[in-house]
Structures are given as C-alpha cells and as structure tokens.
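Naming follows writing order (A, B, C and D), and every chain is counted from residue 1.
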Amino acid sequence: MKKLINTPERLVDEELAGMALAHADLIRVEEPNIIVRRDAPRKGKVGVISGGGSGHEPMHGGFVGLGMLDAACPGAVFTSPVPDQMLAATKAVNGGVGVLHIVKNYTGDIMNFEIAAELAGAAGIEVKSVVMADDVAVKDSLWTAGRRGVGGTVLAEKIVGAAAEKNADLATLAALCQKVQDNVRSMGMALTSCTVPAAGKPTFEIGDDEMEIGVGIHGEPGRERRKLATADEITEALAVPIIDDLPFKRGDRVLAFVNGLGGTPLIELYVVYRKLAAILDGRGITIARNLVGSYITSLDMAGCSITLLRLDDELIRLWDAPVHTAALRW
Amino acid sequence: MAITTAELADAVDTFAGRIHAAKEELTTLDSAIGDADHGINMDRGMSAVREILRELRQGDPGALFTQTGMKLISTVGGASGPLYGTFFLRLGTSLGETPEVTPRRLAEALRAGLEGVKARGKAELGDKTMVDAMTPAVEAFEAGADGDLTTALAAAATAAAGGRDRVTPVVARKGRASYLGERSAGHQDPGATSTTILFESLRDALAVTG
Amino acid sequence: MKKLINTPERLVDEELAGMALAHADLIRVEEPNIIVRRDAPRKGKVGVISGGGSGHEPMHGGFVGLGMLDAACPGAVFTSPVPDQMLAATKAVNGGVGVLHIVKNYTGDIMNFEIAAELAGAAGIEVKSVVMADDVAVKDSLWTAGRRGVGGTVLAEKIVGAAAEKNADLATLAALCQKVQDNVRSMGMALTSCTVPAAGKPTFEIGDDEMEIGVGIHGEPGRERRKLATADEITEALAVPIIDDLPFKRGDRVLAFVNGLGGTPLIELYVVYRKLAAILDGRGITIARNLVGSYITSLDMAGCSITLLRLDDELIRLWDAPVHTAALRW
Amino acid sequence: MAITTAELADAVDTFAGRIHAAKEELTTLDSAIGDADHGINMDRGMSAVREILRELRQGDPGALFTQTGMKLISTVGGASGPLYGTFFLRLGTSLGETPEVTPRRLAEALRAGLEGVKARGKAELGDKTMVDAMTPAVEAFEAGADGDLTTALAAAATAAAGGRDRVTPVVARKGRASYLGERSAGHQDPGATSTTILFESLRDALAVTG
C-alpha cells in the first residue's frame, strides 16, 4: 500500500487537522470529528448537515461553507459516522428553526442518522431527513437495501444549501432535496480497486484488461466485470442506463456532472465529458450546466461516474447562487 | 446456576479478543461483497468496550450490556455499529437491574436483542445478514434454556454457524452485499460470521467447566 | 495501461473538445490546439500566455480566464508545444500592448517559445518571456539545463494574471513574474510512476516499498530513490530543502501550496498540509495564504509536491484578486 | 557524382522509416533518463515529413531540407523538434538553390546544421546530447568529403555511433537527463541515438551501390 499517510488509525484525524488549518476562514473542526461552518449556528437559518464515511473527499467536509453545508460528519474510512457526530453537528448548526439531514442511502448511514435524529428530537431539535439514492447500477427494489446515494448528493447539497442560505424553511428544504433526488441519476465505473488504508491491500483484484461497471464509492465491486473499453464506450455504458432510467427525454435541460473517483487525472474526465455531451446532444437533451472534476471519490480508485440532474429554472437559479466552500466556490 | 456479571464480562472480553484475532478474516470477507471494513469496524468497537470492561464488571449485567451497546453505537459506525449496539442495548434493557442471570432470563434477553436488530435493520431471515446467524442461535438457546446451560450454549453456537453457512450460497438482499446482485452468491456474510463468533464466545466463556 | 481514453493519438484533441464544451463561457479552443480566453484579445491589455506539454491538467488550460491566463498552448503529452501554437496564441491575445510568455524551464519549452517569440517579433508584436525555474530538487547551475519550472508556475500565472487584468504594462508584468520566480521554491515526490499513454507502460519501475524524492512533473525519475516513509517524513523531506534553499526565514509570510500529482486523493494532501503547517510554524514562518489540491499534475502519478512563495502585501493583494477560470475561481 | 534531390529525399524517407521502427527503443531510452517520448516525438515529426516528401522530391535540395525542418518545428515540439528542425533548416539554407549537391557542399551544409543545433540548444561536446553524435559524424564526413562518398558516409555513421556510445557513461549536463545528476550516467542518450540513426540512414540511402 502506497499512501501519503502516517498510520491508518490517525488518517482521518490528521486530515481534519489539515483542513482546519487550511480553511480556518470557512470552517472549524470540533469533537467528535465534525466539520462546522465557522459562523454556525445562524439564528433563523435551517442547518443543513450531511455525513458519511471518509475517503470520498472533498465530499462532505469540502462542501461546508456559505451556500452549501453547515456541517459535515466524517466517519472512519468508508464507515458511516456514529450518531454522536450527527447529534453534535445538529446541535452545532441549530439556529432554532430545525436541521435537515441529507443522508446517502447506505444501511449504516441510514441507521446511524436515524439514531441521531431520535436523539436530536429528544433534545428538542426538529430534524427532517432526506435520503439520496441515485445510483442506477443498483436495482431499485423494496426487497433490497435500495439504490446507493452517490454523485447526486453533491448536487443536492449545493442546491439545498443555496436555498437554506436564503432562509427557506425546513419543510421547503426537505421537499427541495427530495425534488433533486427525484430528478437525479448516476452510475460509476472503476479501472482499478481502491485500497482501504486499514486493510492495506486492494479491495478487489482486477485484471489489466478488465473494468468494473456499476461500482459504488466504497470499493464495492460493481454489478458486472467487463473487458476494458474505450472512453467513448465507457461513457456510453454509463450514460445510457442513466438516461433510460428516469428517463431523461428530448427537450430536457440537465446538469451533467462527470466525476473522478480519486485516482483519475482531469484530462481523462474531459474526454468523457466530450462524449457525454455528444450522447446527450444526439438525444435532444441540453446540458444547461456542468461540473467536471473529482468531487465524490473513492480513495485512490481510478475510474469515473456520471450524474445527470434534470433542471428547471428553480434548480438552475439555486445552482448558480453563490457558494464558498473549500471545494466548490463561485 | 445463575450467571454473574463477571462471567458475562468475561464473555464480552472473549468476544472482543476473538474479534481482534478475526479482524483480517472479517475484513477479507467484507472485501468480497462489501467495503472491506467489517473486521476493522468491529475491532474498533470491541477494543473500546474492552477499555471500560473493568469498570462494568463491578455493576449489574444490565448495565454491562447497556454500556457495551452504547459504546458500540458511538464508536463503530457503519451498519454493524447500530446493529450490534442495538443488540447489546436491548440485552441490557431486558435484563434491567437483575443482579444474576438465569439461562431463561438470558434467553429472553437474547430474544429482545434479536428483535432489536431486526427492527433497526429491517432484515428478514434469508436476506444474508447477521440476522441469519442470530435467529437460529437465539432459537436454539431458547429451546435449551431450561436444560443444561453448557449444552444450550453449544447448540446456539452450532446453530449460528449453521445459519451463517446456510446463506453463503444465497443472493444478498440487505446491506452492501445486495448491490452485487447475483455476484454476492457464494460468499460468506461478514456479519453472520461475527455473530457466530459472538455465540461461540458465549459458549466458551460461559460453559460450566466440568 | 488503464485509462479513460480512446486512443493516445486523439487524447489531447478530445480533452480540448471536452474543455471547450464544458467551459464555453470562459474559453474557446482554436487551431492549432490553443485555448483562448473567450473575450480575447482585449484592447490595451497585455496578453499573458503560457504552455507546455499536456498531462499536467488543469495547468495550463484550466487557468485561462479572467484574472489569469489569456491563452494556453498544450503540447502533446509531456512534450513542449510547437512554436505555431505560441505564435497563434500570441496573435490571438494581442491587445496592442505586448504579450508576456510565461515559460517553464525545460529545454524544449525554452526553444519552442524562443522560436515563437522571434516569429511574433517579426510580426510586430512585442513579446517578453519570463522563465519559471523553481524546483529545488535540481541543482541550479550554469552547466546544466537548470531548475525545472513546476508549482511556482501556477502561482505566477495567478499573480501576473491579476496584475494584467488591472492593465499593468508588459515591463511591469515581466518584472512581477520574475519577482514571483525569485521568491518561489518547490519540490516533489512520487509514490508511483505515471504512464504516458503513447508509451503504454509506466515510465519507471518502482518497488512497493520505495518512493522517488525530487521528481519532476514528467515522470522523470527523481534524484533519489528511498524507502517508503510516512507522510510526516515525506513532508519534511520536501519542505526542508525548499526552506533552506531560498532561504525562507523566521518572520516570512508565505503562500503554502500542497499539490497532488494526479493520482493522489485529496484526503492525503491535507495530511501533508497539516505537517507542513507544523514545520513552518516551528520555524516562525507564517502561512498567510494556502492552496491544497491537484493543480499541476503528472498524468496518473501518485505523489505530491510542495511549493512555498514568499509573500509581501503586493503579492497577497494580487493573489486575492478575483479569478474566474475552470480550475481556480474566487 | 553529385547527389540529386530524389536521392536526398530517399535518405529522408529512410530516416523516417527507421525512426518509426525505432520508436519504442527511443522511447524506452527516454524513459530511463527523460520523459518517455523521444521516439513518439520523432515519429510524429518524421511521419508528417513523409507526407510532404513526394512534393518536395520535385524541388531542389535546399527546399527539401528547409521544408523538412519547418515541418519538424511545427509538429514535434519538445527539445528534439526545434533541434532537428533547426538542423534541417540550416542544411536547406546552406544549400540554397543548388540543383545538385556535391559531397563537399553536403559537408558544408551538415556543418551549418550542427552549428545551428549548438546555437539553439547551447550544448557543448560531452553534455550528453545529440551534439555528441552529430559533432564527430560531421567531422568525419568533412574529413572524407573529397574522397569516396560511400566511405565518407560510412565514416560519419561510425563516428556518430562512437560519439553516442562515448557519452553513455557520462553524467548529462543538458536536457531532461541532467535533472537526474549522477543517475544519468550509464544510460544511452535518446537524442544521440536518433542522430546515429540519421547518419546511418544517410549512409545506407546515399551509398553508391557497387
């Protein structure tokens, strides 16, 4: 295992210490490992928090700041945070008008956030939770854990954060987050496995001429292993299931998000974006906004994911609204 | 023939030790159908529990389990944290302030733990989770709880292992393994494996010697 | 070789096509493969251009836009661009008051920019060139090709671009760029080699327990191979030679830039930043500004570089000035 | 015994073909002490030259080399683009509009090319660059230019290879290889290798058969 770390045990703590030093103008880091917007709580503003295992940087800690999250709860690598963190974050951002939990749909995240919400409720803070579950690689079924929350979460946090900044109320924000969830779909693929630091070796073996289609963001193997293909073929293999799922239709305006998984250089993401744009153009779908970069990662995994969000004027306005965080800023 | 807090604390300690020893094995199982952290998660939690065990040994069995559960919830995270946390919490709540635990009371407590896990995780039998080891184990223990404790514990451990193995060929329907669809079949479930270790620890630590 | 590409031959063209589509609000891509600020040329504004081999994304194309570069010339992967590109870019951004070439110190870059400057001069455009050479891993000697231009280039482009935006004249901008060069030092290290797409295999072999200290940004092996070390030890191994070289002294204010080489996840960069901050603090050097992320990369290489720039009020003001490019924005 | 444009175009074509064949070898050499692209760069340039060769064959030798040089400058990039580009440009300028080239005129042109490379790249003999192959090659050709052409070309090619090998043990002082310091010693220089291929191509294409 080759990583710029000291020990796996100290990795998250040291990362948070580095973030606190680098972004002291935006955030503070508090016990038990939560990243809180510097000026939180703000009276009369709904707090918006999220969280999940570490290893997906910049998500979520890099999205704490003006116009996005009020706090983030990073768990151990690929491990949902514990309820103590979400409870502390909820208290830290409580401006008296409730707190929204944006939860990615993983069994662990759901249960830990659930316990935290129960405890916050008992402490007199109104909490609403919205579950992001946008990964079309997973069959959407009542009989399984359901779809994973992936790239759509980044977009939801930006959009909901923008509305929260304008003092929308808790119910409105929860509905808005649900609206993003209802209109967003993603899928990812891996060229290589990632290596969980504490495990010390790649999560899965993969041949030099193979790839995994439909991976999540935790090094979970995908639904299917295929022969390595060209960027255009890979883009097609991700884009078509996404488009067909919602489905996205001729005349739709979308936000197209091409995301690197941590070990993928930017040059490759633009190659994917180019093909994605051609595919959407061919179907009469307009890219109204885009995002290209590594925003929701899987440690050092090489690979990418594509996320499409159907936009309307409201979502565009909120996407365009100012944001000032470590990872997204305009 | 009642069980003391010290004996139960020993059982928890045995569980912690075996989890530590099985850390890599559990993580490897989780690599195949999950995210390669189950051993790491459980070991982080049980190591934290071990640190408060000396203190808990002084109190009643209810407090022992309640504190164990709370410690797991606040240190493990992931799916296994709330699930094992809830399991021990419910054990504790069920036992209340009973100073000593009879096998029958323990059976009731284990049942409460199992129901807690099912309520929290919403997994059914056959979904390929820890529930598949826990359910037959609790049932076996219930069946034998009026007889010899050692025998009942042995039956529970055997039933756990049986449940664990029964769902190995099955396609997972809960937890991360479910994302794999058909590809999850043929892999042993990490959580069912740690649950089997739990019941084996109870068996070995609580067995009446002789 | 595992990459999200179609063919090595089409990689740069397709990347540029993707960039043009993704950032049509900021840039246009023109023949022969140059990235030009959308509103260039601007009358009365000095044009600032840079260029170099591809494979270092987002540098330089990601830095074209308001307050930074007016054009970028991407060569083939790791190959200096050809004079035709710099000549075309120079013409495209010529607002009548001269064009500044920011050149990284590589034999190829120097010669190709030199030819372009000669041709531009013949075409009646005043060109000044400043050479960036900030890599302390290379001995600074009249008898060699001299130091490589690395991370300092990103900072120079930002600072010079800010001054150009305020209509500073060519001589002033050249002097400012030279001032950045005189006050900036960098050093890099690699955990893995990169793979040049056209070559198809890693540039160098490296053991699982080894690292290269003092690498450049082209997969050139470093000056020294060492046993793999902790993040703290690595940070020290980079920071100390940088500090001692200028030298940076007690009381100095610096911009601390921790850069990922393309295959390094952000979480690790913050671990490095944390240690760097501690080292500087221990020497009485104040981090007045910082930048953490992958801005000057080496394809898929895992590793990092550290750059320190000694700041004064002028440089801080120019660093803080607005910038709106694909990769840097505030 | 003067050389025609067609013969010189054949030599350029031979060079292009051998560069294509040596693409991987040159790139591998450049991996060890550079950035793994010398073969790729040269092949990109010489392939582009090949495309205009049929047309150039119709003109005079000066134009052949001038156009070759310009094409290399605008397609190769890197260090080798301006250097080989300058080399051929100077060859062309030196030959001017001479319709046929005598060995002596060729010697003068090669000298002009070499001086161009040195002026552009500022490398001295012993810096471990293409100059180390080019200098002895040009000198050997100059020495034999009044004698038999085939012999002179053979001597030039041998001298190029000798120069290439002489600097293999040396520490590089120019180009990317210089970044390696002591570590560059013991590696064969890619540019000196391609220059040797150039003089071998001249030898084999221009040799008077029989």
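Please note the rule applied: a residue touches a chain if its C-beta (ideal position, glycine included) is under 8 Å from a C-beta of that chain, and two chains touch if they have at least 3 such contacts.
Bear in mind the structure is a predicted one, so any value in this text is a computation, not a measurement.
K.L.:
Which chains sit in contact with both members of the pair subunit B and subunit C?
P.N.:
Of all the chains present, those in contact with both subunit B and subunit C are A.
K.L.:
Give, as an integer number of Å, the spacing between the C-alpha centres of subunit D and subunit B.
P.N.:
75
K.L.:
Measuring from the mean C-alpha position of subunit A to the mean C-alpha position of subunit D, what distance in angstrom results?
P.N.:
55
K.L.:
Report the inter-centroid distance (CA atoms only) between subunit C and subunit D in whole Å.
P.N.:
32
K.L.:
Quick check: how many Å separate the C-alpha centres of subunit A and subunit C?
P.N.:
29
K.L.:
Where in subunit B do residues touch two or more other chains at once?
P.N.:
In subunit B, no residue touches two or more other chains.
K.L.:
Which subunit C residues reach two or more other chains?
P.N.:
Within subunit C, no residue contacts more than one other chain.
K.L.:
If you connect every pair of chains that touch, what shape comes out? Choose line, ring, star, complete or other.
P.N.:
line
K.L.:
Using the touch definition up top, name the residues of subunit D that touch subunit C in the complex.
P.N.:
Residue positions touching the partner: 27, 31-37, 40-41, 44, 73-83, 120-121, 173-176, 178-181, 183.
K.L.:
With touch defined as at the start, can you tell me which subunit C residues reach subunit D in the complex?
P.N.:
Checking each residue of subunit C against subunit D gives 32, 53, 75-84, 106-108, 111-112, 114-115, 137-139, 143-145, 148, 196, 198-199, 203-204, 216, 218-221, 223.
K.L.:
Across the complex, what residues on subunit A touch subunit C?
P.N.:
Residues 2-7, 11-12, 14-19, 21-22, 54-55, 57-58, 62, 191-192, 208, 211, 228, 230-232, 234, 262-274, 277, 287, 290, 292, 294, 297, 299-300, 302-304, 329-330 of subunit A touch subunit C in their complex.
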